[in-house]
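Across the two complexes that follow, subunit A remains constant while its partner is subunit B and subsequently subunit C.
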Partner chain A sequence: MNKKKSSIKLYIHYISINIRCMMQYKSSFFLNVTGQFLVSFTVFLSMFFMFKRFSSVEGFTYSEVLLCFSTILLDFSLAEMFARGFDSFSVMVRGGDFDRILVRPRGEIMQVLGSKFELTRIGRMLQAIMMFIYGIMASGITWNFSGILTIVFMIIGGTVVFSALFLIYASICFFTLDGLEFMNIFTDGAKEFGQYPTAIYGKKILLFTTFVIPYSLFQYYPLLFLTGRSGNILLMFLPLGACWFIIPALMLWKFGVRHYKSSGS
Partner chain B sequence: MITMENVCKTYKIAKRNAGFAQACKSLFHREYETICALNNVSFTINDGEMVGYIGPNGAGKSSTIKILSGILTPDSGKVLVNGKIPQKNRIEHVKNIGVVFGQRSQLWWDVPVIDSFELLKDIYSIPESDYKNNLDELTELLDLAHLLRSPARQLSLGQRMRCEIAASLLHSPHILFLDEPTIGLDAVSKLAVRDFILKQNKIHGTTVILTTHDMQDIEALTSRIILIGKGRILMDGTLDDIKKGNDNNIDETIAELYRAYDI
Partner chain C sequence: MGLQYRAAALAGIVTQFAWGFLEILMFRAFYRADASAFPMDFSALSSYIWLQQSFLALFAAWMMENDIMDSIVTGNISYELCRPISIYNMWYTRSIANRLARAFLRCFPILAVAVFIPNPYGIAAPASLLHFLLFLITLILGLAVTVSFCMLIYVLAFFTVSAQGLRIVFTSVVEFFTGGLIPLPFFPEKMQRVMELLPFASMQNVALRIYSGSMGGYEMKKAVIIQVFWLVAVTAAGKLLCHVAEKRIVVQGG
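Coming up: the complex of A and B.
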């Protein structure tokens, strides 16, 4: 218990030092935040104009799609904010800074997480939250306790899955010593195609995103429940089920660390 | 106590000839060369000893330090530090060691040095009173008082190195590994660092293992010298053993030794 407490304290300390570093570069921070906001705003605009022409996509209305997009965007930004250390891990491995992590008496994951906390992602989150609020108000969904819980689960599940993807990305760096661009298909790519409920891409994609990389578990299925298309209460808890994805990611990471210890440079 | 017994470590290094075409070829077919970084290395270092670990570039010095600090796993052989295998009990092991990589910084670049120290306090879970005592002592001995409040990026190399050394000793480790701690420092900083290491060893009985190319470091600090070349221990003795009554200056003596061993 004591150990857990000290880990949490340490993590907060890491975040605090990251923020202190960032405050040294004020203008860069605000430009970054604005940039993040604008980039996702253009995506929003493209959706807006599309729905001006077509009133719905596969039966999903504009506000529902917006709700879907905003949760994905929020998940992605949260994961990027907290797990940025894994996203930029190739720099750490190649520069040899991972050695430093290994000579400190703390878990490797905790230290890599702490090495970078990207507050600039708040720009993207702001965008997500705005769309989210608009989506909620315009969707005409009657809000109750289970609806709110579903949304919370969607955010937890999504953040975990995206973080796991970053973790996998980092683990591969142990072997290639370099970031692999193709991994971006699963992170940035998912953020893009996740604008729409995954089912509109066809059955095969739906199967893939259900059983292989469980995007649909925190996006399409709970959305069905949320919008009242399905009354199956199980769909509400599916986003939590998506968290299984962190397990293979952790295993790969452990394997990677072992590989590093026996090679290194 | 540190013991290494018949430790071997090899690396596989990809090789190719110069040129773009060769680079393309190596995408598909790579030739590897196996390099033996450590070849049957054995030695024992007692508590409180100060050992200079010397050898030409690429001799295996850093590999040894990395194995002893638990970063790398040897291919074969036995490593024991205070009765434990570093790679098996990483977290327990590293609580007791301090490591300074002369070429790399462990301080946060953009915040005052004291902020980095405070973080280390939490990383190592150093009790408040110990932290305060150690910080006071290190501040005095390394003359850090006016440095602690500046960001690391604004310090000169010598100032930063003093802070790096302090950062590695905040948790009162029993063993200190210094990988080229005086590299690139001016005369004053070098003397300050040497003087401090001597004191640290005397006051706390810290075991110090130091790699360097600066023979004055060795002369000033260590009574025992281990010479490594091409992954093998070539000599393990005192400074006098190396000099053997030779009156040349120490750099020349060492250069002669390197030539004699053809390393």
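Coming up: the complex of A and C.
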């Protein structure tokens, strides 16, 4: 218990170091926040203009897609804010910095997480929260208890899945020494394409995102329930089911750590 | 150099392929919803997307030279300043060479596969020989404009030291206005008309649209003239700024 407490304390300390470090370049920091904001804002704008031209896509209206887009963005930003330390993990492995982490008497996941805390992602976060509030208000859904619960589950499920994906991305570095660009399609790509309900990409993609990487479990299916397309109460709990994905991710990480051979100089 | 990391190159190609594929699926969904609202032929759109993926390295604004950025932050820039050549020209040629090399490695596998994807989802033949020639010319012009713009960012990094922020702002603006997220014809007409005058439209937009013949004769002529204009203007601005920066530079670090 005590160890856990001190771990959290250390994590907060890591974050504060990172923040102070970033504040050394103030103008760059603010531009960074603006930039992050713009990145997701332009994606929203393109969606907005698409719907100006086409009124609906596969039966989904603008407000429904907006809700979908904003929850995915929020999931991604939450996961990214805390788990993006894994993003630059390849640098850590290649430089041999991971050795230093292993010899310290603390959990290695926590240390990697703390190594890079992206405060600049606050821009994206801000954008996500604004979008989310807008999405909730514009959705035209009457927010009863089960509706609120569904959306909370969606956020939990999504954040867990994205964090798991970041973890997998990092674990692969143990074997390849380099971040595989291919993983981008599952993280950034999922955020980009996940703005539309997964069903619009066709049956095969829907199957893939249901059974292999469970995007649909926290996106498409609960959306069906939320928008009243389906009354099946089971759909509400599916996002929690998506959390299974963290287990293989953790296993892969453990496996990777055990097989780690230092490459640094 | 790209060939030294074969697995990475292959992974990159697969990624781009998957990306293009998903994008086409997305547009297909909209096409099904309302085909009459689609501003270009579906096969023209598919060609646009596959070409965009093939030549990503030529136009991607986010693919900047990390070495240059790092040298400004760490102070290694002083070595380059000692050399008796203009750093602007040196960086410019280096960027162009790097982008060409990367694109050269990547474009053929993607194009080769895209050719065999059945019509309207694969890449179609160019509208005519003239269109193809114009495509090549505008491709090169577009590359030059893109690099000129990136040069502006490098030079501005002299003033902000850590250019990461500047870079993200720049990248997102470029991606949006150049038709990286959705092609320009999908924007409302009034907006599109303004966007076409901006320097960003002179990057990938012109070449990719000329290839599939979704631009008229007059439009093409206008687009090329705008490209040349922006190339000259942005390069001149970059050189001027570089000159100012070189005079007031203070190298930090040792």
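Everything below uses one rule, namely that the second predicted complex is superposed on the first by the 260 of 265 C-alpha atoms of A that agree within 3 Å, B and C clash if a C-alpha of one lies under 4 Å from a C-alpha of the other, contacts with A are read in each partner's own complex, and residues count from 1 in each chain.
As a convention for this text, contacts are C-beta pairs under 8 Å (C-beta built on N, C-alpha and C of every residue); 3 or more make two chains touch, one makes a residue touch a chain.
Please read these numbers as outputs of a predicted model, since none were measured by experiment.
Of the two partner chains placed by superposition, only subunit C is touched by A:Y201; subunit B is not. When the shared chain is aligned, no partner comes close enough to touch A:I148: not subunit B, not subunit C. Once chain A of one complex is fitted onto chain A of the other, the partner contacts of A:I8 are absent, as it touches neither subunit B nor subunit C.
With both complexes placed on chain A, subunit A has more residues touched by C than by the other of subunit B and subunit C. Of the two partner chains placed by superposition, only subunit C is touched by A:T176; subunit B is not. Residue contacts after overlaying the shared chain place A:L45 against subunit C, while subunit B stays out of touching range.
Look at A:Q36: by the touch rule set out above, it reaches subunit C but stays clear of subunit B. In the superposition on chain A, A:R100 makes contact with subunit B only, while subunit C stays out of contact range.
After overlaying the two complexes on the shared chain, residue contacts for A:I247 are found with neither subunit B nor subunit C.
Contacts of subunit A with subunit B, set against its contacts with subunit C after fitting on chain A, overlap at residues 25. Here subunit A touches subunit B in the complex through residues 6, 9-10, 13-14, 17, 20-21, 24-25, 96-97, 99-100, 102-106, 111, 261-265, going by the rule given at the top. Residues of subunit B touching subunit A in their complex: 11, 66, 69-73, 87, 90-92, 94-95, 97, 99, 101, 104, 106, 108-111, 115-116, 118-119, 122-125, 151.
For subunit A in complex with subunit C, the residues that touch the partner chain are 25, 27-36, 38-39, 41-43, 45-46, 49-50, 52-58, 120, 176, 178, 180-182, 184-185, 189, 193, 196, 200-202, 205.
Contacts from subunit C toward subunit A in the complex involve residues 5, 7-8, 11-12, 14-15, 18-19, 22-23, 25-26, 29-30, 32-34, 37, 39, 160-173, 175-176, 181-182, 186-188, 191.
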